[in-house]
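Handing you this structure, nothing more for now.
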């Protein structure tokens, strides 16, 4: 199966446009491609640059959402919705029409609220330390870390996210000082992980919240299904409908070129290739996932 | 299972608000509830008023979409998108921002385009006759028919849909005379079916496009998955994310109080109760479906 | 003064883009230019093609507004606002956000409401006859008439206006059958007048509602000021601010290439040249008006 | 004349709602009313609390605009438009649709750009000092100063303006550090002036840019007319059309309850009463201005 995927993506390697809003991302070699498929037995099947760390960016939103639901429960849903936005990843229009409540936790505004909620009355550094520790535990790999250069660049280039956060603050939907929450947000977006680490870390989302290898119940079955539902309807900004149409699995893409996809009862898949399509999703990554789904029949819509 | 559902919904019967934009719907007794679950072997398990015909309204959009994809193929996607709209069922705002291309085939504007595409260079009466014949065939029940009074009322109260259709016409996205297409649209929304008929007619959508009883391949596996994907992300207007979050199955609701839900590899479920929530989805129907999913574990996100 | 204007516009004659949404307008020779300045003593000073009739299009909205305020009074303002729209002449977005109440009487939606209000419980033909009679009286010229070919073309190409009218009808803001009101609307937009006729007919708007030649009080002083105010803030769709900035006089432009401008206490000016700028205002006409204002100092902002 | 105005407003004193977004404004006694009319000869006719300083808030935008056009010329118009916004004073929606270019210099976003442009490569403190010095010179009164408590409160409660500024920065439409520009913006909004000072300081705007007493040409005739035009079409946010309709003079309102109005060739009028209508304009101030215009006939639309 992986061999077929490799053949399928080969002619496309390097296509798409690498994110260039910060130097650290703009400098990434577009001719890279990696894929990892983690299965129930804990085996992780790899292709290409699957062991190479990349900036997971918005994929981190899935883990902050999961951690928030686990630690703080359903209170979150008073501050953020769970509907597709019908607009771009950093749109502010909807926030004005809906009084500072972002549409869902996977667009920037929503993820900032999730981060703010997670910090709660603790401090940002502790929260970020806990998140990284959690990811190391989930991936069973201590090598996961924040890319400090990316984090600094994000903060320096963060005017749009600063606008979103201040806008929500003006509606009373920020509990911590705006710059504190943004500092945590920029750092978790700057976490670097490999496909192998990512697929392994997310495996519990394919098994109703339970890590199938360790047997640890990471989150409740109910919250696991909900996270998958939100990924399905909102995981790719204003391209979510098309992703569901073509791939048929819940997933989350990041502008670093990574895509995380969950195949319930089967496993978790991470793919990475830096070139993006117009919607900000990895071009080659999408092709690889289409090939995977075609071969495995892992659509949830069968 | 059905007994538990019956107990669960009992205290809620009559809640919600019956659609009142036309007299024929406003006059419906809110204290009705029916449910039917069609399984792979063709058995249909019924509860309450499952045999009573009701106005399927927007649920008809699933069948016109399916028929269009079967007869005309992927050309449709040049005229309509497949993204959630992020706005109400009859919103015209998005059409102006996106040059007359509706966001998806399950909002009013998109369904009007589907109908227009399906009429093609034939005539509306023939198209409607074929649709009704198709539904009778799928449900294996000759008793399905259009409620002429509802159809006439829809046409008389159809200013908003007339605005949508003319607006799209002004962008060149209507091929037939606007009133012809609308006439067909109003009639297919006025089809009356029972829960039993509806669940049976949609059974093929749970089995990759193949009727599991007759073995007839109604549509391709690929198109079947796509229809389910569109139902999942767009089936309940601006409430689709919440429906996926709570129920976890692709579905389509109608203002007549019906909801059709597909549980891939398991079966098709139709539920009906006229009282609607603020988003235009049956209040009691939603409760019944939550109970069903809780008992069966039929979420696609497990 | 007129000689200087003639020299100023000469190099620009033919620039801009002629309206092409209906054949009758698309066929107009762009190399035409006319201007007429009507003064307090009734003298009308002319330049170029000032005696040639052209399609006044949206300039007719000033006269239907004036007639409605005269005959029906302030009731109109319950159905239409008097704020600039911040969007294009035929935008429907604002109507959805503001429940079918158009922003002002000089955008298409608002002018359709004015026409609908003016028809009242009479019939459209009578209303149109009265309007034409009124214009003949005001211009003291019996040669004014509707261009039937243009009226028919407008009706045939009227999908967008049909969408606006039906949309407002869906909010209860149409009292007559939509097609009746539109029929009247398309006809008054198709009135043909020359610059000479137009300037003379509008002279009363420069003298607090009183025709300075005949002494007839056409409308109240108060309503006259209000019409001028609405022209100033809303007369050129989403280009009104720029027109006020550059010309400094209340005015109304039409896609036929005409512009009517009022210089309070001085006179009324009509200019015509078919080529339009991006905002739908006559390119050469605007240049001529800038030259006029520069020479005369007729800005209201002095 | 002033006696009649006094009688007219008397029963309304105290009506409207005092701005309460910062304590310093919320604490203002609503039962205050002042008015000053400055005429060509330099005489200033006063009524009520005309000598009492109040927070001029957005009225300062007129003076920063004037100063910017005087010092930096037409370059400003590359960074800000001159069209009515069709939305509220602090709306961010338009900025997203129009790529960070605010619609006009009198809404918050536009005024922030003006301030940013005025600071240029100098520093904020110098710019603010120059502005205050300029106002003292124009009003011929050294007692004008910034209310530091208001300035600090504005900065503390400035999340919405911070969002606007950062949003524009993300489109490259800020040249100074966001917080620097905002610091200057919050301070000029916190300038305290009396009606008497305000009317005198703005007198040049009624006389084509020339102070009629000193003979000093403050700005060019052309820029003076343009400022008046922008005040007419944009001076009261989404209430500008109605203000033109009712008052018929260019003006600018502030949430401190002040309104500045220009009567070209006659004089400048300042009115103050803290209670605001829904659009954020002084309720009693508007009534006073209507009475003034009725008595004097000072509408520009006569």
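Order as written gives the chain letters A, B, C and D; numbering starts at 1 within each chain.
FYI, contacts are C-beta pairs under 8 Å (C-beta built on N, C-alpha and C of every residue); 3 or more make two chains touch, one makes a residue touch a chain.
Per UniProt, the chains are A, B, C, D = Glutaminase.
Computed from a predicted structure; not experimentally measured.
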{"item": "Set of chains whose contacts include both chain B and chain A", "value": "none"}
{"item": "Chain at maximum distance from chain B, centres defined as averaged CA atoms", "value": "D"}
{"item": "Selected pair, greater C-beta contact count between A-D and C-D", "value": "C-D"}
{"item": "Centroid distance [mean C-alpha coordinates] between chain C and chain A, Å", "value": "55"}
{"item": "Centre distance in Å when chain A and chain D are each reduced to the mean of their C-alpha atoms", "value": "46"}
{"item": "Distance from chain D to chain C - Cα centre to Cα centre, in angstrom", "value": "32"}
{"item": "Overlap residues in chain A, where contacts from two or more other chains coincide", "value": "none"}
{"item": "Contact graph of the chains (line, ring, star, complete, other)", "value": "ring"}
{"item": "Sites on chain C touched by chain B in the complex", "value": "91-93, 95-97, 159-160, 162-167, 169-170, 178"}
{"item": "Residue numbers on chain C that touch chain D, as the complex places them", "value": "81-87, 94, 103-104, 208, 221, 224-226, 228-230, 232-234, 238-242, 244-245, 248, 250, 264-265, 299-302"}
